[in-house]
Amino acid sequence: MSESLLVIDGVSRHFGGVTALAEVSFSVAAGEVHALIGPNGAGKTTLIHQISGAQRPDAGRIVFSGEDLTALPMHTRVQRGMARSWQITNVFNRLTLLDNVVLAVKGRQRDWGSGFRFWQPVDDEQALIDEARGWLAEVGLGGRERTLAGSLAHGEQRQLEVVLALATKPKLLLLDEPMAGTGPEESERMVALIGKLARHVTILLVEHDMDAVFRLADRISVLVGGRLVCTGLPDEVRAHPEVRRAYLGEAA
Amino acid sequence: MTQLFLEQALNGLQFGLMLFLLAAGLTLVFGIMDMINLAHGSLYMVGAYLAAAAAAASGSFVIGVLAAVAGTMAVGALLELAVLRRLYTRDHLSQVLATFALILIANEAVRMVWGDQPVMLNAPEALAGPVEIAGFSYPAFRLLIIAVGVLVALALYVAVTKTRVGMWVRAGASNREMTEALGINVKRLFTIVFAVGAGLCALAGAMLGPLLAVQVGMGESILILAFVVIVIGGIGSIRGALVGSLLVGVVDTLGRALLPWLLRSFLPGEVAAHLGPALAAILIYVLMAAILFWKPSGLFPARG
Amino acid sequence: MNLLEVAGLQLAYGQSQVLFGLDLAVAEGEVATLLGRNGMGKSSTLRAVCGLSPAPAGILGGTIRFAGADIAGWTPDRVARAGIALVPEGRQIFPNLSVRENLVAFAANRRRVAEPWTLERVFALFPRLAERQQNMGNQLSGGEQQMLAIGRALLTNPRLLILDEATEGLAPLVREEIWQCLARLREAGQTTLVVDKYVERLIRLADRHTIIERGRVVWRGTSSELDADHGIWHRYLGV
Amino acid sequence: MNSAIYRQSTRRRLLAAGVFTLLALLPPALQAFGQEFYISFAARVLIFALVATSLNFVVGFGGMVAFGHAAFFGAGAYTVAVLMEMGIASAFVSWPAAIAVAVLLAHGIGFVSLRTRGVYFIMITLAFAQMLYYLAISMKTWGGDDGLSLATRSGFGPLDLKHDPTFYWVALASLGLCLYLLDRITHARFGRVLQAIRENESRMEGLGYPVLGYKLLCFVIGAAMAGLAGALIANHGQLASPNLLQWTQSGTLLVMVIVGGVGALYGGAVGAVVLLLAEEVLAHYTTHWHAALGLILLLVVFRAPKGIAAWVHGLFARGEKHE
Amino acid sequence: GADKVKVGFVSTLSGPGAGLGVDIRDGFNLAMKHLNGKLGNLPAEVIIADDQQKPDVAKAETEKFLKKDKVDFMTGIVFSNIMLAVGPQVFENKTFYISANAGPSQYAGEQCNPFFFNVAWQNDNLHEAMGKYVQDKGFRNVVIVTPNYPGGKDAVSGFKRYYKGRAEEMYTKLGQLDYAAELAQIRASKPDALFFFLPGGMGINFVKQFVAAGLSKDIQLFAPGFSADEDVIKAVGTPMLGMFNSSHWAHDFDNPENKRFVADFEKEYGRLPSLYASQGYDAALLIDAAVRDVKGKLDDKVALQKALEAKRFKSVRGDFKWNTNHYPVQNYVLRVIGKDVQGRVTNKTMGTIFSNHADAYVASCKMK
């Protein structure tokens, strides 16, 4: 494996009496698709929160491209090249799909002079719009650019959720259950998309859809009860007795 | 000195519970039903006027209080049916505007009925004076306020956090549709809750009337304090409202009592005389700003 | 005897119509499914049944009968008290109620079932919820919230249980548990209407299936018929 | 983001220019009818239109319901009055100073307050305004309760602000300038980003936008304009009164914004005009005019839920469809 | 001469302070009724506006009366801060202002103005009278309670102008509701008398709580007359019994003008008049007399000023005369709250504190 893009170093997080993460350490190599699996409540989303900056860990460090980001706010981390999707859909409900994605594309253009530009009216440059349309088409939401995000069906919103993260063209993409709530066909399309992206982007994928995980992941880490049980290649993980007992069941 | 300090602490407690009487209804309607009701103070005023009128007519304070509570609950229920229920689904700003309009209307209505000048509402004879406790004398009526305040706090706490109705109300406020889908008639529920809130206002009006002026506009000045209280405590939390009330009561009272004295001890007299009262006046606002700085959702955030 | 009978249902959100004369029936004691791609109108149908239509004006036509009564136009709380419970998509847990409160607040046994769902039974089904019972709803993980939504619906002891993507976000093991639980419910005579994406699993569980596309029924049949024709899967579900 | 009210159109610009021309012609028109008195009244309305507009920018665009906007209004007024006491009467010094003081204050207040959301934000901004209010009434050197009066109006180069029509035009120009600025800002990237932040803060943060910076800047811009309005109101009445700082003043401004239309460029101005005119007219008929005003406000809430500006806009839009 | 007299009446007629403005208005209107709607034999028009207790609103209304309605006299304002805001424009317009209540020290002293007449008092007067009485009665240990704003501090200095004993000053918040903390401290410092100046609702709160705390037994309560007038008594009732206060007028003053005024006021409005009402009544009489004097020549400002200064009317407070600053030189009496023959709680006049008392600022008035 090439050098690590993301290093999670001894990260702990407690909520009152609940230990959601207990000294979790592993690293994500540049270019890989790293899946994070584990039972419900294992702390996967919590870990994504710590990495993305939505929450601060009680202990431990988050190192990204060699830089310690632990104390930085979320938006700075995004500017450094991280993007995430939310497990519980978090989009701009009262904006159109196109506006949603345009915002994401603009957020990527990390020239902050333009974000604070007070004077020039935004006749959003055609390039921006074209790119946004492209992203929508990619997940099969093409042709619905003018629909308000809030009036999409649930599965469609899940797709939009992922597109917003993709459109910031990050170096590291944190996906929290992108497949949840999407139908079989849409899941299929999502898998294909992630597979395609994987050539340019490093991905940390949280997902309960094991078909998708085993098709996409280069390596898999397993959290159980806030502890890292193992990190390894898909076949190793599939065979790991504790993982089978706590998570996969015998069906896998 | 310790004696005085103790008495001041008791005063603070008492003032806090006084505020709690009003904050209780507010946190019920505003915190739990998520409805900004500026006209809360108007219901308090209506309650006090009704209590004054009924007490004067019957000659009995108790009858005055009961009549005020019953009357104001009716007014509250009518208000909810006619105006407020159409506002639950609206944003906070619309609620602000509508209930601000209600304040204007209520004030004028009271002026038309009772005139411009304050009206009389006095404590029953037996409680009008002070009683001796623990070496100092304390106004009997204020002790009653302490008792009523504690009772209301307890009753409300149990009702909201321990009963199913309380759970329905909280559920209805956070996700009305889902609550209905689970079989609760949220519309009727809210009317009842609002009426109860109005009843609490009237209780506050009737209990505070003997200590404060019963006059048009009496609701607005105290409403701000009630808001301060529930914001400090965390909106929607009864426990928070109680703690917030006590905190505001004690800090305000002790600030008024001790600040001038404290400042005198290390500042030149003239400066201290100027600064003391000015600081005491803004103390609770400083307190609120400080608390919100450290805990942006109040001391007991009800929604995580 | 059909417990639920939807006939010719037409529904619109404002200007845009999403259901065009949809028929659906669920017989007493059976497990039925509603299948289709994303955005085809599954949730809209379920919500209409529960009285949660976008607006009273949203139902443009059709009838909804439940246990013999015409419930179209009823308020959602009335529908619920008549015996329909919904596990909605997106979970819709009450964030400001504790786990325990989420469950007990709505517990009811309106039909005096002999062996009703109780808090203990729900905790036995989802031990994780028992561990978290004092936490607030919004402090749960996504999967825990899903379990809570199911438990909450069960505790109303409904005549008809409706699950809208109830396994979304659940770990494989738990998902499997839920399937087994639904199977047990079915044995106990619980009438159920399911929307989910795991067709294979549903074939084993359910009796009858309805597939919709763009607000219209395109296929209807039994499990064995569906199992036999994978072309249907491919054509309408993209599997 | 395509909120109809903000759709850019030359037609709208023309309409605005027309309205402003008409407004500019108001003083001579009033003089012609022997109603000069109303020039001063109209100037007051314009000043309130300005401060309400500035609040609307904060509330409607920034999504920050500030209940202490009077603090900046009052701060501007007191700055001008205090400078006048110190012998600095030139508007070219004291008005920018008023804006600067408001900006500084807003930085401090905003920095602390923006940690909070929703009602907590409402209350914390109120708290700061109340602190200033109590400070002002207890300061004997600044006139305390009586307020601080200005010996004369500010000097404004060759223009004589004592001349009511001139003062009116200056107020109108200030309002026009601020509206133009806000129009540009809201249509520029900054404005679009603000709107999106109002829609979904955490997602904007997650897309890499420094949300707090945007909000603070919005808050400060609103305060700056309120400071200018404060400078104007101090000159208008030749008085900086603690009333300007009181919470009822903040409340009135908020009511103006809601009545006019939250988030509509002209919402604040429309609200100020409607409210002040209604007061002026109603008070003539009955001392119980508050009740009548209350009824009107209720009517607005239920008949024009998005405010009068949007309602009027809707009327026009409907009219167009029927054409 | 003019064919009609126009009076602009701007006062606080809504909000918490409305009671006072309404009393002034009703007193003024009663006088107009007694004068058959005429002022100086000319038909009169009184235009009334509400200042909402806001200086900027008062200014706007005044501006309109001056410029649009071109009134001949202005009157009505209750509060000094509003008076100070409005004064300059009235004087600049050479219109006479007849103050029926507000008596700011500025207009009594350096900023005195030929166009300003005050038929009530200078703000400090009632405090001074109370100070004098407390001093004369030999109290030497007094607590003074007032709000922390300049008006409160003026009251303290007015009181201390005549009271020379020990004085502990206590400043409260403007608009304060609860006084328990102050009362505890008062109890602890064991004064023999307490003087308070707490306008409006604050005074009502204070008295109620003072009595409930049982302090009235050991500490004698003193206040300026407006904190113990009919409006306050009506709100507080029996707890006020025995409270001393100072005034320049009382409803039991024994002169025919006052008897008629009090009786007719009660008949007309169903309540006893307050001193604000008496001042409003006098304001109308003053205008009436002056207009009569100049025979309706209202444009002759010099003559009109002379006529106002001549003061050819009988005040309900008995007689008074103008000082050079156009503030009254008059008697101040002691009143005590007791029960009258009908058993009503009301003020009883006890005796004179000051005879022909002038204010402290007249020396710095450079008028004439």
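As written, the chains take the letters A, B, C, D and E, and residue 1 is the first residue of each chain.
Heads up, the rule we're going with is that a contact is a pair of C-beta atoms (placed from the backbone, for glycine too) under 8 Å apart; a residue touches a chain by one contact, two chains touch by 3 or more.
Note that this is a predicted model, so its numbers are computed, not measured.
Participant: Counting hops between chains that touch, how far apart are chain A and chain E?
Facilitator: Contact-graph shortest path, chain A to chain E, evaluates to 2.
Participant: What's the minimum number of touch steps needed to get from chain A to chain C?
Facilitator: Minimum step count, chain A to chain C: 1.
Participant: Give me the set of chains touching chain B intersected with the set touching chain E.
Facilitator: D
Participant: Using the stated contact rule, I'd like to know whether B-C or B-D comes out ahead in C-beta pair count.
Facilitator: Between B-C and B-D, the larger count of C-beta pairs in contact belongs to B-D.
Participant: For chain D, which other chain has the most distant CA centre?
Facilitator: Between chain D and every other chain, the largest centroid distance is to C.
Participant: Could you tell me the distance, in whole angstrom, between the mean C-alpha positions of chain B and chain D?
Facilitator: Centres of chain B and chain D (C-alpha means) sit 32 Å apart.
Participant: Please tell me the distance, in whole Å, between the geometric centres of chain A and chain D computed from their C-alpha atoms.
Facilitator: So the centroids are 43 Å from each other.
Participant: Suppose each chain is reduced to the average of its Cα coordinates; what separation in Å results between chain D and chain E?
Facilitator: 37
Participant: Averaging over Cα atoms per chain, report the distance between chain A and chain B in Å.
Facilitator: Distance between chain centres, rounded to whole Å: 47 Å.
Participant: Mark out which residues of chain E touch at least two other chains, giving numbers and ranges.
Facilitator: Only 148, 173-174 qualify.
Participant: Which parts of chain C, given as residue numbers and ranges, touch two or more other chains?
Facilitator: As it turns out, chain C has residues touching two or more other chains at 139.
Participant: Would you give the residues of chain A that are in contact with at least 2 other chains, written as numbers and ranges?
Facilitator: There are none in chain A.
Participant: By the document's touch rule, what are all the touching chain pairs in this structure?
Facilitator: A-C, A-D, B-C, B-D, B-E, D-E
Participant: Quick one: which bits of chain E touch chain D in the complex? Just the residue numbers, please.
Facilitator: The touching residues are 13-14, 48-50, 54-56, 59-60, 63-64, 66-68, 80-81, 84-85, 88, 104, 148-151, 153, 173-174.
Participant: How about chain D: which of its residues touch chain E in the complex?
Facilitator: 35-38, 40-41, 44, 134, 137-138, 140, 143-147, 149, 233, 236-239, 241, 243-244, 283, 287, 289-290
Participant: In their shared complex, at which residues does chain B touch chain D?
Facilitator: 30, 36, 83, 86-87, 90, 92-94, 96-98, 100-105, 107-109, 111-112, 220, 224, 227-228, 231, 235, 274, 277-278, 281-282, 285-286, 288-289, 292-293, 296-298
Participant: Under the stated contact criterion, what part of chain B meets chain C in this complex?
Facilitator: 164, 167-168, 170-171, 173-175, 177-186, 236, 302-304
Participant: Touching chain A in the complex: which residues of chain C?
Facilitator: Within the complex, chain C touches chain A at residues 13, 36-40, 43, 89-90, 128, 132, 135, 139-144, 146-147, 165, 168-176, 197, 199, 237-239.
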